[in-house]
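Residue numbering begins at 1 within each chain, and the chains themselves are lettered A, B, C, D, E and F in the order written.
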Amino acid sequence: MRPSGRKPDQLRPIRLEPGFAKYAEGSCLIKFGETHVLCAATVEEKVPPFLRNTGRGWVTAEYGMLPRSTHTRTDREASRGKQSGRTQEIQRLVGRSLRAVTDLTGFGERQIRLDCDVLQADGGTRTAAITGSWVALHLAFAKLLKDGAIAKIPLIGQVGAVSCGLCDGVAVLDLDYPEDSTAQADANFVLTDTGAIVEVQGTAEKEPFSEAQFAAMLGLAKLGVKELMIEQRKAVGL
Amino acid sequence: MRPSGRKPDQLRPIRLEPGFAKYAEGSCLIKFGETHVLCAATVEEKVPPFLRNTGRGWVTAEYGMLPRSTHTRTDREASRGKQSGRTQEIQRLVGRSLRAVTDLTGFGERQIRLDCDVLQADGGTRTAAITGSWVALHLAFAKLLKDGAIAKIPLIGQVGAVSCGLCDGVAVLDLDYPEDSTAQADANFVLTDTGAIVEVQGTAEKEPFSEAQFAAMLGLAKLGVKELMIEQRKAVGL
Amino acid sequence: MRPSGRKPDQLRPIRLEPGFAKYAEGSCLIKFGETHVLCAATVEEKVPPFLRNTGRGWVTAEYGMLPRSTHTRTDREASRGKQSGRTQEIQRLVGRSLRAVTDLTGFGERQIRLDCDVLQADGGTRTAAITGSWVALHLAFAKLLKDGAIAKIPLIGQVGAVSCGLCDGVAVLDLDYPEDSTAQADANFVLTDTGAIVEVQGTAEKEPFSEAQFAAMLGLAKLGVKELMIEQRKAVGL
Amino acid sequence: MRPSGRKPDQLRPIRLEPGFAKYAEGSCLIKFGETHVLCAATVEEKVPPFLRNTGRGWVTAEYGMLPRSTHTRTDREASRGKQSGRTQEIQRLVGRSLRAVTDLTGFGERQIRLDCDVLQADGGTRTAAITGSWVALHLAFAKLLKDGAIAKIPLIGQVGAVSCGLCDGVAVLDLDYPEDSTAQADANFVLTDTGAIVEVQGTAEKEPFSEAQFAAMLGLAKLGVKELMIEQRKAVGL
Amino acid sequence: MRPSGRKPDQLRPIRLEPGFAKYAEGSCLIKFGETHVLCAATVEEKVPPFLRNTGRGWVTAEYGMLPRSTHTRTDREASRGKQSGRTQEIQRLVGRSLRAVTDLTGFGERQIRLDCDVLQADGGTRTAAITGSWVALHLAFAKLLKDGAIAKIPLIGQVGAVSCGLCDGVAVLDLDYPEDSTAQADANFVLTDTGAIVEVQGTAEKEPFSEAQFAAMLGLAKLGVKELMIEQRKAVGL
Amino acid sequence: MRPSGRKPDQLRPIRLEPGFAKYAEGSCLIKFGETHVLCAATVEEKVPPFLRNTGRGWVTAEYGMLPRSTHTRTDREASRGKQSGRTQEIQRLVGRSLRAVTDLTGFGERQIRLDCDVLQADGGTRTAAITGSWVALHLAFAKLLKDGAIAKIPLIGQVGAVSCGLCDGVAVLDLDYPEDSTAQADANFVLTDTGAIVEVQGTAEKEPFSEAQFAAMLGLAKLGVKELMIEQRKAVGL
């Protein structure tokens, strides 16, 4: 029995609010239960130095948590003067995941910057950030399309993410914070709409896991991401 | 005529949502029109070194803006590695303002930390932060009271804040961003429920102003803060 | 009775030494009693990026304290690796104050940088810095004029500053450190030679004050700044 | 055909030199072909604050690259003033991997710090670092055992790591730099001597991969790590 | 002929003003011609961690330049966020030089911190800083003696410093900035009142020099420091 | 009797391994006994801003220690976020020393960057770094010559360095760590192949020394550097 009463293959209630950030070119507030992440896409008319004069664009991400998004307060990174290793790891992951489904030759020398800010954290913030960022990115591209800046939306497909874990030896989908902190192992899966793997990160600080256990988690993740993608499509009007 | 069509003495629509941050000891999302600030109070069971063994508590504040709270994106301070002078100025102001109405001897050696995070910015974020922080602080004290940690709420009174400006020589209340960027001068007023002044900051980068103009702005601020305080009381159930 | 024996409307002995910094384009050592601030103006032949190709100039300021300018030693900011919030607040204030009386279109695409370094601190360093910086700025412009780089001194008027406070309910002029640390409230006034207000910052961490008390402080400030401006004019030979 | 002429399941020549760092409590220079990483273990007689008075120890890691370990020079992180996201990601991975096979209750309140410094980099530095660190850690424990500080070596088993990739759709083992930069996808596997998974990180920036491809990579990794563990045992005299 | 018209063995006019920093426990403004350095000693009632419970004291130094002490403005280190290599090199040199003539067992577990701030720079700031710091240190010890905290002044002797250089092959004493920037080589000598060497730093970026040339510079330095020490003794009343 | 059993004028065993860093344009692992420093030269096709369009090149150096190069672990500077004063002092010294024998007009607008990384530290790392860097620099120039980028090797001569110290009043050559930490005084000499002095740094924190003692140390240094230069020439094939 999961602490939340959910079945092993059951997501938390998912809710997406596209357009939440009024001034952003694209945005989405995404809720996985009590985990709330605001994803906002900014279109910049210049690219990083290594892409200048290549005709290619770039997609990158930044991640942050409000100090009191967490059960006990987390120090403000701006005030400590640096981003933690965890923050950097997450924002690199979000950036790679979105680039994997973007045609970087399809929107000129522009950079799309995705800001993922956690308003409330109850586990799974990085997977919510990826899933919500796809919506924000799609909306930003839709705005470029509407403005005549591009001829079509340069997204190859959808990308979504969810975590799975092993609790008492059983694979479960979409860990919340109480499960996350007691799980034997957990893994984050970033998948495309064709079920292919974009990123996978599995960690077993408590107890190593077997290939079969890994496959069980991946199986759940595929189901979960499929559900998430229905919500993504609704949010962007597909 | 103001860009927003408001009358000179008219506030933007004000809305307070107490308890917005589920995990904080006290919180309030405050909206002054399109300016949205989330204020969250954290109770810490220790004080800064200079207050140890004095029996006194402390109230302090931190301030931040989501990168895409603004019309064009603002760099993330955590990623630049330091807080701007503006940020520091604001968080010092918020802390002083709240301390001015708090009995620091009335809640033991505890520190209340107020996190003011701007979700959306359309002018007046610092005054919204002060006004909303009073609610978050009151709610945090109410929780301590309910938990039996203190015998009564150690607030001497209410504190609220609003900005005023001179536009085309006329004093107007509660500037939004378009007014703020074109005003001849502007001032922020932090007032108590007795109408006394806690903080006043007036700036005339475009054109110096007279004592009479200052008095006109103060007059409007008194009216505005009185309205804000009605909302504060509703939010905390007084 | 004030600790220094001064009357409520009496400034400390004021002394200005123009040209103190031999290598600067303009400079002034200003003394408000035991508060000594060295103001040095540097003319730079380029402007910040946001002003390039606008034909306009800029005036900015930096502020620092020698570690042993204070009664007990203050840590060196260069060694701690960052400037305090207080330092940043002051240097922003000095910059705004000087820009308010400068015609930024009158000296080409140049930046004047004002370095205000406190050699000795006994209260009122920010007001001394503003008052002395006007002299340094005037002298730097005089040098540009003499060198034929500009046709006239692009200063619209004088700017000076002084602090006032409420001690035992009475408004007093030009607080020294012992008064500053015990005052119920204090305010810094930055005024022009026409008596108009450029900046006002009032703070009541101990006890809120009334509009009448504020007016009393402003009245003293007007008198004080008038005296300071006589010294400024002497220092620049007007 | 691989650029190096290796077969898909062939490791680069592996060489371990235990005791390379004369002053460290345990050390190992590990070479995966032209990738050379020096792993040095330091025993500290204190633990991080969160473990004080728990009777438990800790294992942590730091990672760095010599500026000219790489084909073109990489900026020195000490000179830039901060560690990159990549560096932090790697050192967190190495620490977690080693902790997964260490009995943290078996060596008192001590911290073992593993310094992994890349002398030469040709792909796979993080997997070499994990594999070599196990040797350094074992040797440091052996020293504590010999000194009578512990009763037995608190390692639950071996841990080793290797990367795999998909090149032209084929899974290959132990990527060198030329392969790494052209692979469609790559994954790092951290495995125990029982073949269980401690960490897995798969990334497909070029092209998403299937579950079957992932399984093929994992199969190769199991073979590779088995070979690496023979070398580990030789290096520590088991 | 030297640019200043001085003879090869002639110091610039030397002037010491003891007690310049009113609040410091000991201080001295020292002028070597147009080079002006304010040296202030602070007595702290605690020592660095490595000296706790040893009964020994410590002497350390910090160094800074006012931004406009120089012919063209130098960036403020506090604003850049770090001290330059040159600054750190100089403050380490000043600290070592003073410790060399101090009996560190003779003033209890106290730290004397010497702040050397350059008000005006025309070459030779580090040698002026050492020479002036000895006076500030002596005065601080004299205060401790007068306060009954120590029984005698724990200085083994005097220490002073001067630079020499090779200009057109000729050794000259006490370089000013124009000479310093054109000299073939220059050396700083820190000497005791017995003529012994405490520190010597010779640099030949333009052209290597011979042992004989080095001896010629040392000879001049001995003469120069002897004169400086007369001024030091006057300044402390010996 | 020296702790190592060496005679006063005896170097430690010296060993140079040119080409140790496979990817660098020039490199040398240099061993002075148990002190091992890897020197790697990188040729960059651009110069610092102050040399642009002058036709001149630049030589600069960076220095670092592996955390466990030392007897007890030294904190990683990249992780502390800044380089120590000692590190900066050394890398400035190495850069100046190499520039003193380089014709900066002889290799175009290029910068050679010398990375000196200490793999193992037993005293004398800075002198080993200088001596080894000359070899790395020569090899990098040889590569430019072979590639046809320059017409001849722009080195005016050789430069080498060694430390000397006073132990029990006797001058000894090439201090190892045990001697270094107990010596009364020590000095580092950077000399050319003609015996001229490029840099000299003598320090007497324990006890000031006489001119005769300094001369004795310099005499030993000349002998030592002569031996080092034989090894340098072998290493570069002269």
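Of note:
By definition in this document, a contact is a pair of C-beta atoms (placed from the backbone, for glycine too) under 8 Å apart; a residue touches a chain by one contact, two chains touch by 3 or more.
Listed by chain with UniProt protein names: A, B, C, D, E, F = Ribonuclease PH.
Quantities reported herein were computed from a predicted structural model and do not represent experimental measurements.
Looking at chain C (Ribonuclease PH) and chain D (Ribonuclease PH), no chain is in contact with each of them. Graph distance from chain A (Ribonuclease PH) to chain E (Ribonuclease PH), where chains that touch are one step apart, equals 3.
Ranking all chains by how far their C-alpha centres lie from the centre of chain E (Ribonuclease PH), first place goes to A. With centres taken as mean Cα positions, chain E (Ribonuclease PH) sits 33 Å from chain C (Ribonuclease PH). Distance between chain centres (mean CA atoms), chain E (Ribonuclease PH) to chain F (Ribonuclease PH): 28 Å.
Chain D (Ribonuclease PH) and chain E (Ribonuclease PH), compared by their mean Cα positions, are separated by 50 Å. Annotation for chain B (Ribonuclease PH): residues touching 2 or more other chains are 81-82. Following neighbour contacts from chain A (Ribonuclease PH) out to chain B (Ribonuclease PH) and onward until the ring closes gives A, B, C, E, F, D. Of all the residues in chain B (Ribonuclease PH), the ones that touch chain C (Ribonuclease PH) in their complex are 82, 84-86, 88-89, 91-92, 96, 99-100, 187, 191-192, 194-205, 208-211, 214-215, 218.
Residues 21-24, 27, 34, 38, 40, 42, 44, 62, 64, 66-73, 76-79, 81-83, 87, 113, 115, 117, 119-120 of chain D (Ribonuclease PH) are the ones that touch chain F (Ribonuclease PH) when the two sit in their complex.
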